[in-house]
Amino acid sequence: MGFLREYFQRGSDDPEPLTVTAVRRVRFEEVDMLRIVWHGHYVSYLDDGRVAFGDRFPTVSYDRLRREMVAAPIVQLHLDYHSPLVFDEEMHIETTLHWADSLRLNFTYRITGGQGKLAVKGYTVQLMTDLEGRTILIPPDWVQAFRDQWRNGDLR
Amino acid sequence: MGFLREYFQRGSDDPEPLTVTAVRRVRFEEVDMLRIVWHGHYVSYLDDGRVAFGDRFPTVSYDRLRREMVAAPIVQLHLDYHSPLVFDEEMHIETTLHWADSLRLNFTYRITGGQGKLAVKGYTVQLMTDLEGRTILIPPDWVQAFRDQWRNGDLR
Amino acid sequence: MGFLREYFQRGSDDPEPLTVTAVRRVRFEEVDMLRIVWHGHYVSYLDDGRVAFGDRFPTVSYDRLRREMVAAPIVQLHLDYHSPLVFDEEMHIETTLHWADSLRLNFTYRITGGQGKLAVKGYTVQLMTDLEGRTILIPPDWVQAFRDQWRNGDLR
Amino acid sequence: MGFLREYFQRGSDDPEPLTVTAVRRVRFEEVDMLRIVWHGHYVSYLDDGRVAFGDRFPTVSYDRLRREMVAAPIVQLHLDYHSPLVFDEEMHIETTLHWADSLRLNFTYRITGGQGKLAVKGYTVQLMTDLEGRTILIPPDWVQAFRDQWRNGDLR
């Protein structure tokens, strides 16, 4: 359980990870009586990161998944807290999708506050399932197209 | 906009209001940096009040409504804040359903903290709709049965 | 308790209300199992409206109040729900400060969704207190300056 | 990143972990449009677990820490999701404190729903700091007393 480790190893043949950065401010109600963001609210910030990622790469957006009748439940969540954000602080949420051979979404996150100070690092693992919760093992065409583009270096 | 007013008038022929009291404690994440409960969280406490009410009078529980394919959206919400609750404080949520001639749920709430000090008073108004959001005007049988019992003094 | 009423009456000598509009999107976690925004989350949207108002008129920002050792607790909150917002919908939050002869902040809100459809109207009333919760009755200089500018038509 | 692993290893000389179980129900607002608890709300359930633990062993309660001017910020959080909880489901939150040679709080959690089905497992790591955020390395007397009792088997 070391801190600061890299969460996912990149295989030698894997295409480069894809990264998107979102910006938002800490809300009043997210700050606790110690005057810092309550640790649970960072899970929302990861969500904001994935929404921004889906805006840039619509194949993995909530909207596309819903239209394709696919769910992407989170099966693992991990957060390492480095320094707390405070009320009204502007943060950058860097969200990175890592290549996986199996059909899962492996995201890492890096949240920085003012002056670029590291606040939180973490990762989530999502499976893809149908609406009854059965894991999808074979990539549907629209996912395969995304993976092909990614491998061919056509996504930036 | 006076404070402390009575929210719903009782008509001379109306049966007595029904009241149920729930007890809960303030959670850490509900307290803001002024060390008091953030004003928005009281809306959750009203929900807790209605859940306790539905446990006691299952006709108006979420579960019964869902099984009957009926929704009860809140169309009006009002809160008067008297004194703030603090972390870990135990509160009593007194939830009262008032008779209405039309098919709506008129609840008032009275939340008190330690030593019975008044914290918040408020009310909500809910309509009953089908799952497409169309207002139901004629009480279904199971609602009418509840209303008859209430009028006849068979609910306590 | 009529719907759609005007919440605050403007006196004949009162300066025009001040309005600021904020834009945001509905978050995933704010949507309930009926696929609409849970009614309690609109309280957060009002907060977003007031933050945008404070960005435009810093005298009433959280930050200024904090530096002046003044709190502005909400003592009354009212919401009228007209139509629900759904996941990822973009909303406009129109926040209006109304003149009051006494030292209180009377805000009204009008939240519209896609195509400008009215979602929610509401108001809040805030008192100004010191950090021990004692109501401030005489406007401090920095508040009086703001009120003078407003009355003279120097705020837009 | 295997699932179902044991999170903390018990050293051969370590006293037995301490476990407390809390019970609560899923709230309406915690359920998302897929009709399951949104993954971020489980962080609140861990908090409920720790509050129940502090009720049973007051040395590690929020209240005691606050009175001693000590904070216990979470520096690591991990959740493995096994099966989702649904609206109104009753859950058991089993919270276990593991012995650590250094001055940190290592908790694991096991949340089960109806029929004892495993919903979530996870852990948190907390450091102890003074109110300026400086890590405390030497146990204060009141902590040492707790550790001595624990080691001597006087805590149950």
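Each chain gets a letter, A, B, C and D, in the order it is written, and its residues are counted from 1.
In the analysis below, a contact is a pair of C-beta atoms (placed from the backbone, for glycine too) under 8 Å apart; a residue touches a chain by one contact, two chains touch by 3 or more.
These numbers come from a predicted model, not from an experiment.
Between B-C and A-B, more C-beta contact pairs are found at B-C. Comparing mean CA positions across the assembly, the chain most remote from chain C is D. With centres defined as mean CA coordinates, chain D is found 33 Å away from chain B. The centroid of the Cα atoms in chain B and the matching centroid in chain C are 25 Å apart. Separating the CA-averaged centres of chain A and chain B is a span of 38 Å.
Listed for chain A are residues 28-29, 34, 40, 44, 47, 87, each touching two or more other chains. Across the complex, chain C meets chain D through its residues 28-29, 31-35, 38, 40, 87. The touching residues of chain B, when paired with chain D in their complex, are 25, 27-29, 44, 47-48, 51, 62-63, 87-88. If you check the complex, the residues on chain C that touch chain B are 1, 3, 7, 34, 39-40, 43-44, 47, 71, 73-81, 84, 125.
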